[in-house]
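This is the structure, below, for whatever I ask next.
The chains carry the letters A, B, C and D, assigned in the order they are written, with residues numbered from 1 in each.
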Amino acid sequence: MTAEVHEQARQVTFLEAIREALREEMTRDEKVFLIGEDIGSYGGAFKVTEGLHAEFGADRVIDTPISEAAIIGAAAGAAMMGFKPVAEMQFIDFISCAFDQLTNVVSKWRYRMGFGVPMVVRGPCGGGVRGGPFHSGNPEAFFANSAGLKIVEPSTAYDAKGLLKAAIRDPDPVLFFEHKYLYRLPRLRETLPDEDYIVPIGKASVRREGSDVTIITFGAMVYRALDAADKLAEAGISAEVIDLRTIVPFDVETVLASVKKTNRAIVLHEASRTGGFGGEISATITEKAFEWLEAPIIRVASLDTPVPYSPPLEDFYMPQVDDIVEAATRLSAY
Amino acid sequence: MRLTRMVEEKLGILSTQGKVIGSLYRSMGQEGTAVGSAFALEPEMGDVAAPILRDLGAVLTMGGTPTEVFQQYMAKNGPTRGRELNIHFGAPERNFIGPVSMLGEMIPLMCGIALGFKMRKQPGVALCYIGDGGSSTGPTHEGLNLAAVLDLPFILIIENNGYAYSTPTERQSRLTRFSDRALAYGIPGVTVDGNDVVAVWEATREAADRARRGEGPTLIESVTFRMKGHAQHDNQAYVPIEDIEEWGAKDPIVRHERLLLETGMASLGDIDAMVSDIHAALDVAVAEAEATPMPEGSTALLDVFENSVAERKPWLAPIS
Amino acid sequence: MTAEVHEQARQVTFLEAIREALREEMTRDEKVFLIGEDIGSYGGAFKVTEGLHAEFGADRVIDTPISEAAIIGAAAGAAMMGFKPVAEMQFIDFISCAFDQLTNVVSKWRYRMGFGVPMVVRGPCGGGVRGGPFHSGNPEAFFANSAGLKIVEPSTAYDAKGLLKAAIRDPDPVLFFEHKYLYRLPRLRETLPDEDYIVPIGKASVRREGSDVTIITFGAMVYRALDAADKLAEAGISAEVIDLRTIVPFDVETVLASVKKTNRAIVLHEASRTGGFGGEISATITEKAFEWLEAPIIRVASLDTPVPYSPPLEDFYMPQVDDIVEAATRLSAY
Amino acid sequence: MRLTRMVEEKLGILSTQGKVIGSLYRSMGQEGTAVGSAFALEPEMGDVAAPILRDLGAVLTMGGTPTEVFQQYMAKNGPTRGRELNIHFGAPERNFIGPVSMLGEMIPLMCGIALGFKMRKQPGVALCYIGDGGSSTGPTHEGLNLAAVLDLPFILIIENNGYAYSTPTERQSRLTRFSDRALAYGIPGVTVDGNDVVAVWEATREAADRARRGEGPTLIESVTFRMKGHAQHDNQAYVPIEDIEEWGAKDPIVRHERLLLETGMASLGDIDAMVSDIHAALDVAVAEAEATPMPEGSTALLDVFENSVAERKPWLAPIS
């Protein structure tokens, strides 16, 4: 095996990074267990948990009936017993079926009862894979108005691993959204540290520095933003790209620092625009950095429609690189 | 049961005095279910109960105190620091946890408690309650099925008290026996006379033993009657007067005390003494609750997350 | 009976206005029916439907088991059969139990399938009545990111009646939130027209004209805003109060016209601030009226916590008149 | 059934050719359930079916066309204008409606259809399908219970095909007979051999008659087997080979055609002719579907609400 091939071999995909986090946390702490549909010997619909059932046994990787509310409820109960449950939604869209359990039981529990419910709910989100209206969702805004839930969405393999570890170790419930488009994207393969690390919840990452306009985003849209920044650079516009990584609570400090530098902001996300989390970000910037704004904040997001299936429709629905370029160009000329 | 009845009667007085904030829920006439079942648990084995709105008796049996109950109803800085109302409070160290309002949602959660016992290989049992009405909800089904499939040490008691708010049981379900629901999950189901506290105790005890033997969940239907309206504002005009009379004659407290007297386990004097002890204790408890301050408004900011403080008046933050 | 007493007698409360709308629509169109828990002969937890069972019979006022998802699902199915169902949530908080049915079935149906699901889901929302964490909710933001649902929340008896009628006649699903604090508030009693009328969905109302600052709000907060405006007037600050009435889609035109006049905006709502609908409003104003803004947009809203029960806590939790005065004063001095 | 099988086989070929966008779900070996039950409906009476992922047979029986199915799978401007995938389409005028993915949610909705029949005093029946797996969901319970309480003309068929994705039925439920779920609702429940199309037809017909007589809902368990993986990417390595062989021998098509031959209702020649007719028809349908254009991207903006057009590129709107 040549050195290059070896290096190649040690590189992991986004998906493998998630699996590594699960495996390492399960090894580190016997209280960590997994629960969900088809996650056992089958390894899950996307094979995220592949091998973990063989390694840790059926007691630590629990297959359930098709019952999202029960999965999340049972995870919450187990958390109260001192366990660290990681519940999988086969597609994150099905989290809607457990909305009440999450927003009324889990999110409010510590506040009402004085003790926490440390648990993670994870699953594949996002579109671009022709999944249609029920397998392409980005539900962050559904949960953002229910205080008590943290919401995380990584965009790199390194972050996915480190954030998932942080989520599992967190004393409070964390929703962990994994953009399925990134799961095996070759561009995301990277070599991860051998040693244990976490990426702290609540900290954004500046993926690209720039001086003319700030693009605030997360998840798969980070790559659209980076690609747009490349294009913008050709046109002489220097875009800074902030990857929030944590959506709730988002890293206001990093966002404001950037906007105060560039004086222009685009908020970019894949969920529909109206009622999306972009409103929160935009409103916060206006509240806290109004003096520094030299142009309106533009939200670039998907259409206010369900996610359509057919490629021309889905492409039209979702923000494209050119949309971002257009918005940034417009802002810069403002 | 006496204690439960008397706590609620005291609450009735406090409510008339305007000291109770919000609605008062009575479990009058159905105390046998909550008390009998909670008595069957073994706290030393870890057993946990999740009482809901008619289960003050279980709260008190598990070790919740009248003072706490009064504090809750008076919105004082009590067990939930004023954040929650009535018997929405729990004490994991005393083996009971508080409910959410959304009926049915505690069932999956208590499955998780049961799962915890199973994973830890501990003998504990999780006991959950639901009403005839609440049993129509989705999470009831998901939870019971999960408990069955995973063979969890779990007991669900359906308190069939004839009504769900104004809705009589026959418009809640086509069933005449809610224990038949067990047939849908391949688990044992029993129907028990809910006004017979001993019968409830026995059925729960058997179910707990079964669970401890690793044989999975049991569904118990406890047949009883809601003697008062849904809450205090509800005069239950929709309930036939004969039914109230009929069930009144089956009062679980009277019945049980008669048993005690007949079997010589207690004398009339004992009972009188108990009642006056309770009276005295409740007076103390009320005084304690009245002496408890209301929570400080600003404590509302605390502890959404571990050690968190919510942002207050962001409009006053310097814009810079 | 003196004329004055007679006038008094013809005045209706907010709650009675809602009942009148239901009765008149049921009379007008036999396809309109009601479905929910305890709404029949009992008349509902708040007695909104009182008398309707007696008047229209059990086929038109249908009591159900405690099954919010089934209530809303059945309403949707009946809507497809040409009926106009009005489903009641006993407290609007329980709408969470039907979140999946609403966001995945109802909201997406027309877009996916090409025909609509005209139905109304109504129920009491809001706090201030010591209802605690599960009987005080304002769930508009939960649904705002799912295209396909209209969300309405009236603040006067006239509007409640007219908007509910409009909602029932609407060809698409409408969530109709009734702030329970307003149900019997004497201040809201008014004499309604004898003739049939609707208040169109999507149109805001300027409740008070002003020139220094715009307060954009809806529901019970309208009265806090008006009371604040009174106080502000004493201090020489002229506040304009906009009652959105419809939250989704909100009346951008009216909001922008006001902000362009006052150049300052406060967005006020009773739900928690983070992830609340205020973000959407603020972001929209920034996007579309940036040039006119002379100060940051301030969101005045409840704490990012569950709704606590005890009076000092709930009062601290919710926006008070003085909070609004403080925010407006600060803005005016900006 | 032949048609269903052959449509799916054609889709398999189209998929290999890269013309299918997304996953392909097969109902091979269980066509008897969807076809037999849908055939039992009376469209003239208004009956409506809600097929789900394994019910292509019901779609085709109700009058969905192979062309539509191919258009759907190829993401063409077909019945859902490219908005939805595979058999997520419906045609109310042809008495079937399309599913949502969230398993169980169609059950309350079909209760509403049934309620509509009842309110209109029409004889129609609503037929809904759910898998052994999907039957674990909350809305299944809420819907069935509502149908029972309101005496709705409603039929639920639980297609017990041994698996839910990779999960075998015994880890979905403790039941051996899913028709026992009926006992939880006080409604009739029957178990039928799902690979016997006539038996399915009969059971459905009886249930429909019962519903039309105003006797309320019926639960039918149709026992069958999923011969292919959950979707095309799933090689179902988790299914014992003997089971596949055993159930292969019970193929509902072979079985039914044997019956037709034995009873003289059809000759081998008839069957051959039918097969070649279908072949020809499917070639036409594929050609039609291939000739159908993809939807225009900008049509994505239309019809969230009646006659609505969503806002596009708000960042280009003039700021003024």
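One rule holds for everything that comes next: a residue touches a chain if its C-beta (ideal position, glycine included) is under 8 Å from a C-beta of that chain, and two chains touch if they have at least 3 such contacts.
Keep in mind that what you see is a predicted model, and the values were worked out from it rather than measured.
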{"item": "Shared interface partners, meaning chains that touch chain C and chain D", "value": "A, B"}
{"item": "Centroid comparison with chain C (C-alpha atoms), farthest chain", "value": "D"}
{"item": "Mean-CA-position distance for chain C and chain B (Å)", "value": "34"}
{"item": "Centre-of-Cα separation between chain D and chain B, whole angstrom", "value": "43"}
{"item": "Between chain C and chain A, distance of the C-alpha-averaged centres to the nearest whole Å", "value": "32"}
{"item": "In chain A, residues with contacts to at least two other chains", "value": "65, 67, 69, 93, 96-97, 100, 104, 108, 111-112, 133-134, 147-148, 287-288, 290, 296, 298-299, 303-306, 308"}
{"item": "Residue list for chain D, restricted to those that touch at least two other chains", "value": "80, 83-84, 88, 100-102, 136-139, 142, 145, 149, 171-173, 304, 310, 314-315, 319"}
{"item": "Chain contact graph, described as a line, ring, star, complete graph or other shape", "value": "complete"}
{"item": "In the complex, chain C residues that touch chain D", "value": "33, 59, 62, 64-65, 67, 69-83, 85, 100-101, 104-105, 108, 110-116, 147-148, 150, 171-172, 287-291"}
{"item": "Contact footprint of chain C on chain D as seen in their complex", "value": "80-81, 83-84, 88-90, 92, 97-98, 100-102, 105-117, 119-120, 126, 138-139, 142-143, 145-146, 149-150, 303-306, 310, 314-315, 317, 319-320"}
{"item": "Touching residues (chain side chain A, partner chain C) in the complex", "value": "93, 96-97, 99-100, 103-104, 107-108, 111-112, 133-134, 141-148, 248-249, 267, 271-272, 274-284, 286-288, 290, 293, 295-299, 303-306, 308"}
{"item": "Contacting residues of chain B [partner chain C, same complex]", "value": "21-22, 75-77, 80, 82-85, 88, 100-103, 133-134, 136-138, 164-167, 171-173, 238, 294-301, 304, 310-316, 319"}
{"item": "Complex contacts: residues of chain A adjacent to chain D", "value": "37-38, 40-42, 45, 63, 65-69, 90, 93-94, 96-97, 130-135, 273, 296, 298-300, 303-306, 308-317, 323, 326-327, 330, 334"}
